[in-house]
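All remarks here apply to the structure that follows.
Chain lettering (A, B, C, D and E) follows the sequence in which the chains are written, and residue indices restart at 1 in each chain.
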Amino acid sequence: MPTSESYLILATIMFGCGVFGVLFRKNLILVMMSIELMLNAVNLVFVSATQTLGNVDGQVMVFFVITVAACEAAVGLAMVIALYRKYGTIDTDFLRVLRG
Amino acid sequence: MLLWLVILFPLLGAALNGLLLRKVSKTVSHIVGASALIASFACALTAYMQMMSAGGEGQVIFGFDWLEAGGFKAPFQFILDRLSGMMMLIITGIGSLIHIYAGGYMHEEKATWRFFSYLNLFVFMMLLLVLGDNLLIMFIGWEGVGLCSYLLIGYWYEDDANAAAGMKAFLVNRIGDIGFLIGVFLCFKFFGTVSFSELKDIIINGNALTGPQLEAVSWITLALFIGACGKSAQLPLYVWLPDAMAGPTPVSALIHAATMVTAGIYMMTRLNFLYFLAPDTQMIVASVGAATALFAATIAIVQNDIKKVLAYSTVSQLGYMVLACGVGAYAGGVFHLFTHACFKALLFLGAGSVIVAMHHKQDMQEMGGLRKYMPITHAVMLVGVLAIIGFPGLAGFFSKDEILWKAWIGGGPVIWGMGAMAAVCTAFYMTRLLMLTFYGPNRSDHHTREHLHETSAVMWAPLVVLAILSAVVGYLNVPHVIPGLPHLLFEHYLSPIIHVPAAAAEHWPHLTATYSHSLELGLMGISVLGMFLSAGFAIVLYKNGPSPTAIKLKKSFSGIHKVLTNKYYVDEFYFKYIVDPLKDMSLFLWKIVDTVIIDGIVNGIGQAFMLVAGLTSFRMSGSLHRHAMVVMLGIFCLLTILLF
Amino acid sequence: MTQLHLFYVFAALVTFCSVMVVGSRNPVTSAVFLVFDLFLLAGIYAMMEAHFVAAIQVLVYAGAIVVLFVFVIMLLNLEQESHGKVRVSIPDIVMMGITGLSFVIIAFLVARVPSMATVGEMTPEAIAAAGGNTYVVGMVLFTKYLWPFELASILILLAMVASIVIAKKDKAAKPGRRRTVNANQ
Amino acid sequence: MDFFNSHVLTLTTFLPLLTAVAIMFTPNLAISRWVAMGGSAVTFLFSLHVWYYFDAQTPGLQFVEEYSWIPSFGIKYIMGVDGLNLLLFILTTFLTPLILLSVWHIEGSKQKAFLSLFMFLECGMLGSLVAFDMVFFYIFWEAMLIPMYFMIGIWGGKNRIDATTKFIIYTVVGSLFMLAAAIVLYLLHYQKTGTYSTNILDLYTTAPLYETQLWLFGAFALAFAIKVPLFPFHTWLPDAHTEAPTAGSVILAGVLLKLGTYGLLRFAIPLFPEAVATYAPIIVSLGVIGIIYGALTAWMQKDAKKLVAYSSVSHLGFVVIGSFALVAGGNQISVEALTGAVYQMINHGISTGALFFLVGIIYERRHTRMLADFGGLAKVMPWFAFMLIIATLSSVGLPGTGGFVGEFLILLGTFQSSPIAGITASLGVLLGAVYMLHLCRKILFGPLDKKENQELQDLSPREFAYLTPLAILAVLMGIYPNLFLDKIRPSVEHLAQNYKQYRLVAAEQPAKDIENVASSEQSAESAGE
Amino acid sequence: MGLDLQQIQAFLDNEFAVQLIATAIKFAVVFAICIQVPPIMIWVERRAPALMQRRKGPNRVGFFKLRLWGLLQSAADAVKLILKEEIVPRGANKIFFQIAPIFGVIPALLIACAIPYGNDFQLFGYNIPLSIVNVDVGFLFILAVSSLGIYGITIAGWASNNKYSLLGSLRASAQMISYEIPLGMSLIPIVLIYGTLDLNQIVIGQSNLWNWGIITSPISFMIFFVCMFAETNRAPFDLAESEAELVAGFHTEYGSAKFALIFLTEYVVMFILSCLASTVFFGGWQIPFVPHDTLMQLIGGLHIPVLPYLLDLVGWGAPFLSLSLQEMGVHSLIASLIGVAVLFIKAGFFMWMYVWVRWTLPRFRYDQLMSLGWKFMLPVGLANIFVTAIIVAILNFK
């Protein structure tokens, strides 16, 4: 049986990949995928905690996380489409409406 | 119960006319309005008779708990005693006559529901004022009559001047009302009640007043007197009354001559026990009264508008009444109020008839010689004029001389002198009015002259009644010096109302002292002589219209004439030194303080934030990643803290 | 024993796929690797006897969410990220460093975390006795977490409506048909 | 019936919210109107139930509902009414159907949203009136801003965005101060008692140190002063009123502003009695300045709506000074003035509401609100003139209307407290007449010389339907004030009594000023007489 | 061969290893069967319409006059496909173009892993299920994995760099996503009724004809039946490859072995769905009117002494000689194999249905397809769940 630390480390790696994706990828869709990656890292921690702590609430939480992720993806992608329609690009280098 | 009916009939009439009978003919309006008043008068008379037959003791009629908060209590209750009963009769009685008259006067109007509704409402308010048992109920009436006055002055609102006059009346009254309110506050603060009967109990029967209370009495009476100044058109708040003549003439007769303007005198009489306690205030009251009497009388001399003359005359006569109150002669004041109500109503209504006949021209210079066109009107006007100038034997003579006599013994020669001068002026301008209107050649244009005729019976019948009253009511209060008649009936009648508190008796020795008849007779003789002289002078000058002498006099005293014509520039003074600066200040407050300073500060704060934000946001490229990186940086800091 | 090895294989694959998701230049490649990633995670869940979560993971994540991504990628038919426009500035590098450092710290923290002592009653044996993982999760979900569950359903409904509204083509903006129609405003 | 009695406040508060949701799902505007009207009418009936079964002898809370929400923080769901909020509660439910009636004829695709937002707003107002838990109060308090923001921002006039932003920023800044102070108070209460509680009645007993009170009171008072609005925080009000649609103006003037003064009575005074004594002169001065200032500024306005808006500043100045009329050397609070303040809140809601309605009516007909564009309307619109005059009279405080009772009691109390303040404030009554009659004169009187004005229609039956109740109530409140005062009295006396008690206790502590004790004893003696 | 009996014994003691081996064998068998499905089905699809249209269909290919009703035509086609040149169109994404068919086929085969082909049997004391992987959430597994099939189609269409392919793939995947939802919903009532997510348990629950899913939840079956066609992009829902509009849809650019894989995928999915339909609605491996216990009794009368001796001949028999057949589990194995045959017969019927419908019904329009899915099937499915849930709750309550 793998130890809980090993799950945690795997989750950390995934999360790190996600963070790097969010920070350095210019494509909005990729940014969103990176966010999914991060969410999955969290899910992994939840499930591993379920096992180590003997409490199934973690799996329920995963269920909710997935729900939220689905909503996020749907709305987020809809916005990506809307953005693309409006600006003709989803490259974050060109989407600078928030410029101060 | 009857008393409630007295009050409710006019209210009912007002509601019927104002809310339901908007579409009906003016005859219906008139009948409803007048019958409400007549019914009210009938009830009032019955109630009064009941009260008098029960010994004339005052009775308090409880209505309901009206306003209670904390220690403050003002039940809705009425007081019916000799004073309020008499006032009630005057209001409903003369009111009825004027209502009847108004039907004729307003004959040419399209819809009169508004007029009668307001007029009925006014009577209701006036009755509240008179019958209320505490200052607050009185104040309802007090402001209520002001409102009706406002509405009625502005009855022909399409003329902007009328609307302005109404507003002026309301506002000037309000200044006085604030004084009244302050009086109420003080009264509550120091006596804990605003009820007349309770106040009277405290002062007459209660413990000796404390120092602060005594001091407060001066302030209370002074504050209330400011209210009286507003309502009874005394200096310096009289300015609204002449302008108020913009309203229909019956309104002038009822409100601005007979009833509303006497509210101040009524109030002071009602609170006479307080005023007796404040000799300083009384001095002021007397001075103001005397000054007003003289001041207004001088202005009246040169006015050409028939109603303006009467208006200034009213101000002057009110001055007399206030003067009477000031010298402690409340009975005299109220008696003059009574007689004045009769003859001034008569004069106004007569003037109204003239105005109707002249097609709403009011300038006396265009009248003249109306005697032959309007004999009845001329006759009653003659009675009225004689009454007001104090022609011996008529009402004015008795009441005015009573006041002048009391002024002499209570206020001294100066006050008396001012009063007497005013009486002389009155004789002059009233005679001038009579001469210019009814005698001499007719100066009106051809068109008007063709239509000159006597008014209808509905108009002259009330005049006749009033004329009879003006002639006879004087005998109710015949001074001691005139033998052969029952003396001072009225003063005895009112004596249960007038109380000189024991603490104040020392200030009022003349009320109890006896004086020689010869002095009184002498003074009377002087004033009657003066009256005859000035009346004769006026007859000489204006017998056939303005005589050359009159014009010459005008020229040689052009400076004084101009000042008088312009009413001593009081209005101009007020506008220039009070209203205009206030307007400027308001504009300053709005344009500068509000828009520039306060909003400037607020916007300045906002802009300061913007500035700081601008300074800090120079690195905000708008890049998603930059933002995410900042978040990351935050996490990094948190983690570092967690770790160490 | 065997399971541990299997886990290492899975973990290695997950790591590889995660890196590829972030690192590949083609969005479709990323999406495909993301699917692999999710699938592998489902495998790991299954190994932990969390069958329900594993199934949901595949059903919802791989089967629905990533399909959406793929759809959008295809709909927009995006070019690959161009090399020339990538400008890595000094702050970027600094941030990259900080991010890396953060994860070093996280790793350190994870290592420092003492083994969690509190163990609930839901041991694998207890779960099996109670009727299996799915049964147990279902019981918790529909009793303790009933309201959150209902709220989640409303959330989904809202997201559905929102995404339709957002992504819907504005008729007025259609090229060639410039008539201003006050659509849906 | 028991269930209804014990839940009537919750039902009344959240029924509008339900209606708001229901409106969103109605297929067309006609149905949504009826839904809104039905919802608000039932809400009003519920509130009448509260009125009817309200025990006028009890000073404390009635119809209390109390449930635990977040026990670990001591946050509860508490609702209740007493004399201070009962009338405001009913005023809110009373005004809502009338306002709905006033927008009945407005067509347009966005109108449904308007109705929905409006019902949402009603829920917020009712909630913040009856909530007796700090957290709930705050939630409702802020929730009100959202619909108001949209109502001004979407349906407003030309500068609506500026106005609504100003409104929101002003109010939110104040609220944030209040939030901070509330949290401090909460923690202080915890320090003192060891239990967490956000129940306002519990917090009353906190009695922080004098210096702390000064700060906390300042924060609370700022929030409420902005809402009231007290001079010099009033500049958002004219803008917001001018830009808001008629319905928005009515509810803003009718209820929203009162929440500021209500907050002062409910929070600032009982929570920080010592600070009240210190701050009262400042607040009363500001109130008096506000009265005069608002009146003078109103006089100069050329826009009818702005005039009415500034008049609100003036009128609410009265309420504020009425709330802070301290007597007996600051040791007691004047019951008369407090009563007057509560009464004036209601009356102002009715009279100013009616005025905004009336201005809205002519604005709808002529699309202008400039006074110069009117004149002589009394001829073509006699009933309009009638209503305007009644509203005006109530507004200027003519005896026989509610305005008089309120202003009289306030001035009476204030005068006992400080004659100078009383006299100066009385000038406000005069100036009130100045600007209101100015308004009447410019609109109703004078020659009917504009051609557009000659063809104006008089009030329609619908307009009658929503103006008549207001007119009747304005008069009823003037001729039989005891009907309402009876309900107010016990709570107000209770509040004053608590304040007095607190001051006495505080004065007995050795470190306190001895003079205060002397004066309070003296006042007790004089009260005994 | 020197096989150490000890080692065998040890091996048999290790359950994990046994199950692994068993799984491998099962997988191999299932894979082999799946591979055989397309050729047979292609034959059926050619011969059946011929029958319907009163013509002969392919019947020429054969060895030495051995024509087998044209059955070898399929084999010839397969050979042709595999031997054809691999072409990757210019501009296509090479990697994805190659990988896409594999993406398609893997989920299809994975679903096949979850179907219980027969009842569990006990061999050597081990309980061996006749589904390749026996997860207790078989239902969810099938739904989950089947949703992955979209990728193959989508990526294939996209990678071809052909607008017809892309359109076809988008159509296909949109269609599949849309119909996955009613498909899942149609199965939920079954889960409610039988109270388990384990497919084998569901089959066991359908021991009687009156317990079959089609009887207990007919509406579910109807929805499922329609969705079956939509999920596989078969007529009348074959819009993704409608020749008149899109040439051949997402696989326009494919040829040779990759095309064969796509073909394989399609038919495997058809087969699996047929199996699933039989399993869920038609009692799976259960023989009508013959419950499994009865079957076991029938088989128990058989005596097959051959196997141990055969093993003994090879020298492996020693460990088993002491065991009776009952103990070895041969009976249960036989019973299970009978079940497999029964299931395949039922599935065969559905495969026939596919063909039958294809040659009977015309094609839908795309918007009709979508509105049927979202506006009719989805609400009906939801209502079905509600009604069933209420009925189940009432019945269980009693």
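The rule we apply is simple: a contact is a pair of C-beta atoms (placed from the backbone, for glycine too) under 8 Å apart; a residue touches a chain by one contact, two chains touch by 3 or more.
Just so it is clear, the structure is predicted and the values come from calculations on it, not from any experiment.
Asks: Can you give the shortest number of steps from chain A to chain E, where adjacent chains in the path must touch?
Replies: 2
Asks: Setting chain E aside and leaving every other chain in place, which groups of chains remain linked through touching?
Replies: Leaving out chain E yields one piece.
Asks: If I count C-beta pairs in contact for every pair of chains, which pair wins?
Replies: A-C
Asks: Based on CA centres, what chain would you say lies at the far end from chain B?
Replies: E
Asks: Return the chain label for which the distance between chain Cα mean and whole-protein Cα mean is smallest.
Replies: The most central chain, going by mean C-alpha position, is D.
Asks: Can you check how far apart chain C and chain D are, centre to centre, with Cα atoms defining each centre and the answer in Å?
Replies: That pair's centroid distance is 51 Å.
Asks: Averaging only over C-alpha atoms, locate the centres of chain B and chain E and give their separation in whole Å.
Replies: Distance between chain centres, rounded to whole Å: 107 Å.
Asks: Using the average of all C-alpha atoms in each chain as its centre, how far is it in Å between chain C and chain E?
Replies: Chain centroid spacing, chain C to chain E, equals 29 Å.
Asks: From the mean C-alpha coordinate of chain A to that of chain C, what's the distance rounded to whole Å?
Replies: For chain A versus chain C, the centre distance works out to 5 Å.
Asks: For chain D, write out the residues touching at least two other chains, lowest number first.
Replies: There are none in chain D.
Asks: Quick one: which residues in chain B touch 2 or more of the other chains?
Replies: Only 625, 629, 632 qualify.
Asks: For chain C, which residues are shared contacts with two or more other chains?
Replies: 52, 56-57, 64, 92, 95, 99, 102, 106, 133
Asks: Per the contact definition, I'd like the list of chain C residues that touch chain B in the complex.
Replies: Its residues touching chain B are 91-92, 95, 98-99, 101-102, 105-106, 108-109.
Asks: In the complex, go through chain D and note every residue touching chain B.
Replies: By the definition above, chain D touches chain B via 166, 169-170, 232, 234-235, 293, 296-297, 299-301, 334-336, 338-340, 376, 378-379, 382, 386, 389, 393, 398-400, 404-405, 408-409, 411-413, 415-416, 419, 422-423, 426-427, 429-430, 433-434, 437-438, 441, 444-448, 480-482, 485, 489, 492-493, 496.
Asks: What part of chain A is in contact with chain C in the complex they form?
Replies: Its residues touching chain C are 1-2, 4-6, 8-10, 12-21, 23-27, 29-30, 32-34, 36-37, 40, 43-44, 47-57, 59-60, 62-64, 66-75, 77-82, 84-85, 90-91, 93.
Asks: For the complex, which residues does chain A have touching chain B?
Replies: Touch residues, chain A against chain B: 19, 22-24, 26, 28, 31, 92-93, 95-100.
Asks: What residues of chain B sit close enough to touch chain C in their complex?
Replies: Interface residues on the chain B side: 625-626, 629, 632-633, 635-636, 639-640, 642-643.
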